[in-house]
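Should a chain be cited, it is by its letter among A, B, C, D, E and F, assigned in written order, with residues numbered from 1 in that chain.
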Amino acid sequence: MSDDPKGAPRYMGIPTFMRTPYTPDGKGLDIALAGVPYDGGVTNRPGARHGPRQIRDLSSLTRSIHHVSKLKPFDVARVGDVGDVPFTSVYDPEKTMDEITDFFSTIHKTGAMPLTAGGDHSITFPIMRAIASLKKPIGMVHVDAHTDTWGPFQGSKFHHGGPFRLAVEAGILDPKRTVQIGIRGAQNTDEGWNYSRDSGMRVIFMEEFTEIGVQAVIAEARRVVGDGPTYISFDVDGLDPIYAPGTGTPEIGGITTIEAQALLRGLGGLDLVGADVVEVSPPFDQTGNTAIVAATMMFEILCLLAERVSTR
Amino acid sequence: MSDDPKGAPRYMGIPTFMRTPYTPDGKGLDIALAGVPYDGGVTNRPGARHGPRQIRDLSSLTRSIHHVSKLKPFDVARVGDVGDVPFTSVYDPEKTMDEITDFFSTIHKTGAMPLTAGGDHSITFPIMRAIASLKKPIGMVHVDAHTDTWGPFQGSKFHHGGPFRLAVEAGILDPKRTVQIGIRGAQNTDEGWNYSRDSGMRVIFMEEFTEIGVQAVIAEARRVVGDGPTYISFDVDGLDPIYAPGTGTPEIGGITTIEAQALLRGLGGLDLVGADVVEVSPPFDQTGNTAIVAATMMFEILCLLAERVSTR
Amino acid sequence: MSDDPKGAPRYMGIPTFMRTPYTPDGKGLDIALAGVPYDGGVTNRPGARHGPRQIRDLSSLTRSIHHVSKLKPFDVARVGDVGDVPFTSVYDPEKTMDEITDFFSTIHKTGAMPLTAGGDHSITFPIMRAIASLKKPIGMVHVDAHTDTWGPFQGSKFHHGGPFRLAVEAGILDPKRTVQIGIRGAQNTDEGWNYSRDSGMRVIFMEEFTEIGVQAVIAEARRVVGDGPTYISFDVDGLDPIYAPGTGTPEIGGITTIEAQALLRGLGGLDLVGADVVEVSPPFDQTGNTAIVAATMMFEILCLLAERVSTR
Amino acid sequence: MSDDPKGAPRYMGIPTFMRTPYTPDGKGLDIALAGVPYDGGVTNRPGARHGPRQIRDLSSLTRSIHHVSKLKPFDVARVGDVGDVPFTSVYDPEKTMDEITDFFSTIHKTGAMPLTAGGDHSITFPIMRAIASLKKPIGMVHVDAHTDTWGPFQGSKFHHGGPFRLAVEAGILDPKRTVQIGIRGAQNTDEGWNYSRDSGMRVIFMEEFTEIGVQAVIAEARRVVGDGPTYISFDVDGLDPIYAPGTGTPEIGGITTIEAQALLRGLGGLDLVGADVVEVSPPFDQTGNTAIVAATMMFEILCLLAERVSTR
Amino acid sequence: MSDDPKGAPRYMGIPTFMRTPYTPDGKGLDIALAGVPYDGGVTNRPGARHGPRQIRDLSSLTRSIHHVSKLKPFDVARVGDVGDVPFTSVYDPEKTMDEITDFFSTIHKTGAMPLTAGGDHSITFPIMRAIASLKKPIGMVHVDAHTDTWGPFQGSKFHHGGPFRLAVEAGILDPKRTVQIGIRGAQNTDEGWNYSRDSGMRVIFMEEFTEIGVQAVIAEARRVVGDGPTYISFDVDGLDPIYAPGTGTPEIGGITTIEAQALLRGLGGLDLVGADVVEVSPPFDQTGNTAIVAATMMFEILCLLAERVSTR
Amino acid sequence: MSDDPKGAPRYMGIPTFMRTPYTPDGKGLDIALAGVPYDGGVTNRPGARHGPRQIRDLSSLTRSIHHVSKLKPFDVARVGDVGDVPFTSVYDPEKTMDEITDFFSTIHKTGAMPLTAGGDHSITFPIMRAIASLKKPIGMVHVDAHTDTWGPFQGSKFHHGGPFRLAVEAGILDPKRTVQIGIRGAQNTDEGWNYSRDSGMRVIFMEEFTEIGVQAVIAEARRVVGDGPTYISFDVDGLDPIYAPGTGTPEIGGITTIEAQALLRGLGGLDLVGADVVEVSPPFDQTGNTAIVAATMMFEILCLLAERVSTR
């Protein structure tokens, strides 16, 4: 955020992510803020295609000095908004997956780390494909109500309940370096739960989270991902729906924002390679709070990435 | 509506369309009320997949004696709710089109005329395919802001802007017996407008509607479709967005509900073969008025169909 | 409205109707603005009990010089807010009816004419009972989607669909001096329509209204009520739901606010004895526009009453 | 839920409770899901009459395997939707109470345990009357912000603040086997608090809940109800209004959904005889989250009932 | 709009006005789309400061070929988004007025005509000051519910009810070449009405508009402004609140969007020098329809300006 | 609240704060409930000018016996609603500050303690000026997400981010007896944080709050303010936005209402001299929950003030 800190009112101007400069080619950036306005993978309520717009708008509320770490991410890293994936085939999930990978591959080649606003969760698999092109497999800290390791639904494997199964099967994601946090809610089969467990992922159900507390969850997450390359995927439905009603598959009984902020702050020093915040569906977000929460989580993650940039 | 007319409060019970009996197989019905919860064909704002549910809920507000004609549709025709198309491949537009056709073919074989709640407008092409299996091509009275005769978008021809081009190309729809009413709004190309005109459709732009008035529009519509088999397709975005804010591609400056009701009432005596009301998107319909309007238009059309049934 | 006309911002202060002085005993008033927060008579969606509050709040938007007549109602008549009927038996419709009559009888004895904000339409019968104690029967100009002349529903005759049948049966309302304007919508029986017609009321269905226009409707209304004592009862569902979504039994295809304002302005010089605006249900009025419309209709009627006061 | 678990999208089809088969006569069911669309007992904001419809709609989000216990309630018990109480006298609270009792007596005779969606809390007394016909008095685990043991209000004893006083007075409910959890908020008299205490109920005010924690609350609840027949009555206003804004008498500072889920899961093995979830008022529930919460609490309770069925 | 006409979905990308290129310096533009996010001049409900953002977002719905004139404004004129006025003193109305004038003076010097999204109506005076620097006074077609020619309110003359009095007094606006259309609603004094009349403005009250019709209004507007330089100022509260609920001082009984579109289309060939659309207040615009209407009116005006550009 | 405790329904009547008598001159009151409908000091989203109205409306939900202390505040203290500050210069922040001070000075002279509903936080400085006229400086318990000790913004020092810096500089507020609770969120400079620290205020950031718990926070607050005169200033954005979405500058990760209630209850026995609850912005408060929370916090504070009154 290059504006004078006491400058213009925050409701002014063209809404880029966190009011960073619009930098379509990503050149010269350390961290690329990107949008993937796609919800073709949802299984129930759509609308996440409108997520990047609303997050951009409400991300103007974010500011530049983290109040705990006092880090100034825009001072220690070059941050810009690279715009949205330019889709040409939104009715074809497989082509769409490829276009997402192409877009992030281009960014990846500039050396910038991507921090993405979704879009439904199906977008994480093609982002990972782009990021993992050099060093793979990568690990993951995954916040979500669902494991997203289910098999095909309605004949497609590119739905938002399956990206991490695809990523493991493609050799991109290391299940043994994957931790899933906040999982909860009834399911119609136990297939996804079993896949996560059997492939070696560490699944921290919400009940365990509540019991052991966020500091223990942080310790466990750090233990699982270790010092290898790690991606953060933050599905807003991992939070309780009171924080994020604007989402496609809400599940009550989730993580608080205080816990989520603590969790993210506890991930400092990892070898982060990218991150996303997904499943914000503005048509179901009447107060805009879901987008505010998503933007603030992006800011928390931005600080982690900026710290990583500044120390490598 | 078989309940005692002064009976139970209208907010009670399982919400079928207009509180008609749930009749999944359609057996013994003259008119089949059906839902097609699909919005995979939209080009902008999704949500119409939730249309059938909300229309069912608010259709409880409709009643049984038409206040102008005094027709009692539930007395002169057997009317039931046949449920929704049981989709198995929602991510594959082409298969979805086939499943819609299969569902309506089954209904068609029972002899029932379908009156459908969408869903986005891409569903009308596969419904027509089912209906037109015996006598074809059929004519159409089409209320809409858009001609929906555009070519492929994002690589697909099964989007909600193209069903009537597909229907003409398939020999199902007779463009010379097609009238499009309420068309308006800027476009990025003139391709769809040209296709409608060049294929022989009668396009009544909104400006002409305003100038000549609804009675002249009715006369022109009747002249165009004549006494051949005719389908009514009613896109709620043909109405002004003040009546139907809950829709995917609103366009200001549209038809009033008084005009629309007059228009529908003016279609009595046509050889109707089916109808639909489409593009209700509940996530954008905060007051529910769009669904009330859609349910009432369905009731107006039901009276036309019931009159047709009772006189054949 | 006694404030300095260019004075305090309109969003300030205790919200009485149109910012008039709170005058609980009604002493010294020519016109008494009253609230009847009761919705125990609805047959479907409740919430009109909250109507007086929301109308009071948004009536701060009204001002003091009518822009067409240039009448200054607060200069030519003493106007005050007499508060709400102090209910003690809201679960007992019959006792509630009596309490409403008692309250308005007390006001009536002070010589003030009541202009009431409902509440559901069942409140008009007991108000009329109070007003008609001296000279009866009275005539009525009635704007509504429904005739409200139906018989018992769910065992009760004190529901919001029956007040005018009760009033005729009680000898309070002269059906031959009653005009019902804007009637429309399907019904489950034709009983109410028939009662209105058979008792001699002049029913102007919406279709006739649209055909003959508001000036002819005014002429007909004046012809019907003549120069006898006349009450105005304005149900906001007489308007199209786009103007008044916040109501219990919306019916599409109604009167516009421009027509309603013209209609009310056309009633000058009648021997008015009171009026009400009913069926505003705030829980269904998300924008507040229904309450703004109701407050403005109350202001239009206030000007009629003030003119009447100033000339008697 | 008899559908194929990976089957149709959840937004499809006629919305019965949890997509169970509509079984109006209740024959052959172990557990009967019922609706009581009545809000004639509220003391403030109405709307709960619309609760069953909205809960049915959003209960499609629930699924079939509990993620903690792994119980499959639809496998171990026959569950169906028996529809709503067919009211004939909604303006007469006493007759309405009788009709509710009649409806549930009929279900009770089939041997099915009822799990009911309200409606306001006045419905629990007549439900209990039906259930307690054989073995009485019964005990109760009651989650609520209010003790609902107040005397008459506005001349009626059948309001939503008094059902448990009525039940004790009728000898149906054993106050010594009754625990009230989550009580809080100012009152205008201390009569209800005193009644609960003096009759022997165990009242766990919210402050005690916060202090001792949910596990101690569970232990205390189990101690109070013991192994006698026990009913669960869950008023959504026991939850904090952030989880359940759509309710008539919200009271801040309430239970979290995580606590409520834990509490319900802690009631396994009791001799349960029925349950309800009440006070969902859709007009005040703009995001639908209240209904999602209510549906999920019904699912938690369903698992308890199903376990009870499977072990008796 | 330079994108390929059948290209990217309209919900994608950085939301500039009508998806035009962001051109902060305005260099090379024929028409400059600008935002003035200021509502410090409102007398009642604030929020118009958020107008430019929401209009930008929803202006993505507009497209590139006008469906009546077939004009392609982006082909015949160079159009860009110049961003928002960079305020530095938002608490000081007078300085703010100067900053607005400075911003538009800079644009004016590039030769671009401004088409502005407000902001409240107080912004039009300083915009006019910039535009009228060369040739003055200018004429105006003014659509509004209020004449906005009132004197000081709460001690300030820079409120949104006074810009045109200021402009006349400053010799910028020629009252004899000013037409005010859609005026209506009660006022607390007749000062503004009198000022408009006495200074020579032609005021077309809503009642006259309804009586003579839009074509006669167009003729009268053209007669008044003649062939001198003319500005268009479009306050969305000139429309009925059903079209524009999201505004600060709604007044029922206004212009329809069909009338407004016809009116604007009737202004072709005038010597236009700039235009604005003001008073969109997103916090009161829950459906977004106000912003859609405003964006579409901007598109209608853009076509007028583009035609003017292409013929000079 | 002087009504009969089991009396009239709470949705009835003219909405004064907590249904107390309207007492414009404040004579004879111990505690004066006042409104300051001003939001001219906000830096981002406006609307708090509408706060007093909405809080008055929803404060009808509060009642008269505190459920923990059993205190009956309306019995031990004379409480009335003194209305709103009668602004005459809302566009001039400095004059407005003076008018607020004048209003509260008048109340102060009657001997009543003010409990104020804002308005934005800039109003606290002028209120303090009035209160501190006799004994100063005063101490403060300040709940907020922001320290509000920033310097000028956009050229003004009277914005809502600076009141406590002004109060310290004016010698009214003793920074060493000031505790700020709930502070969090990124900032664009560290100036305000530093000012609070350097002037000697005790700042309890949210992270510390979470770590030490509310009882330790209470102890620390009591230690800081000691037994000198103390003001309570409660900004609803100190709460998490899930409790108070209707506010101008929401910041996620805040205090719960249970914690806030506990905190306030822990302040008994202090030498309280007044209090306020600020920053409720109804246009952003779609469910009304923010206003319910604010009204309930006012009730909690009222009990503190009433206890203070009863013991002095």
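As a convention for this text, contacts are C-beta pairs under 8 Å (C-beta built on N, C-alpha and C of every residue); 3 or more make two chains touch, one makes a residue touch a chain.
This one's a predicted model, so the numbers in the text were calculated from it and none came from an experiment.
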Sorted by label, the chains bordering both chain B and chain E are A, C
Any chains in contact with both chain D and chain F? A, C
Regarding the chain A and chain F pair, does the interface count as same (over half of residue numbers shared) or different (under half shared)? different
Comparing centres built from CA atoms, which chain ends up most distant from chain D? E
Give, as an integer number of Å, the spacing between the C-alpha centres of chain D and chain B. 41
Distance in whole angstrom between the CA centres of chain D and chain E is 55
Counting only residues that touch at least 2 other chains, which ones in chain F make the list? 9, 11, 45, 49-50, 87-88, 90, 154, 242, 284, 286
Chains grouped in pairs wherever the two touch, ordered by label: A-B, A-D, A-E, A-F, B-C, B-D, B-E, C-D, C-E, C-F, D-F, E-F
Would you pull the chain E residues touching chain F in the complex into a rising list? 39-41, 45-47, 49-50, 87-93, 95, 154-156, 158-159, 283-284, 286
Can you name the residues of chain F that touch chain A in the complex? 43-45, 153-154, 183-190, 193, 205-207, 210, 240-242, 245, 249-250, 252-253, 284, 286
Which bits of chain D are touching chain B when the two form their complex? 8-9, 11-16, 22, 35, 37, 49-50, 52-53, 56-57, 81, 83-84, 86-88, 90, 286
Quick check: in the complex, which residue numbers of chain A touch chain F? 1, 5-6, 9-11, 61-68, 70, 242-243, 257-258, 261-262, 286-287, 289, 292-293, 296, 299
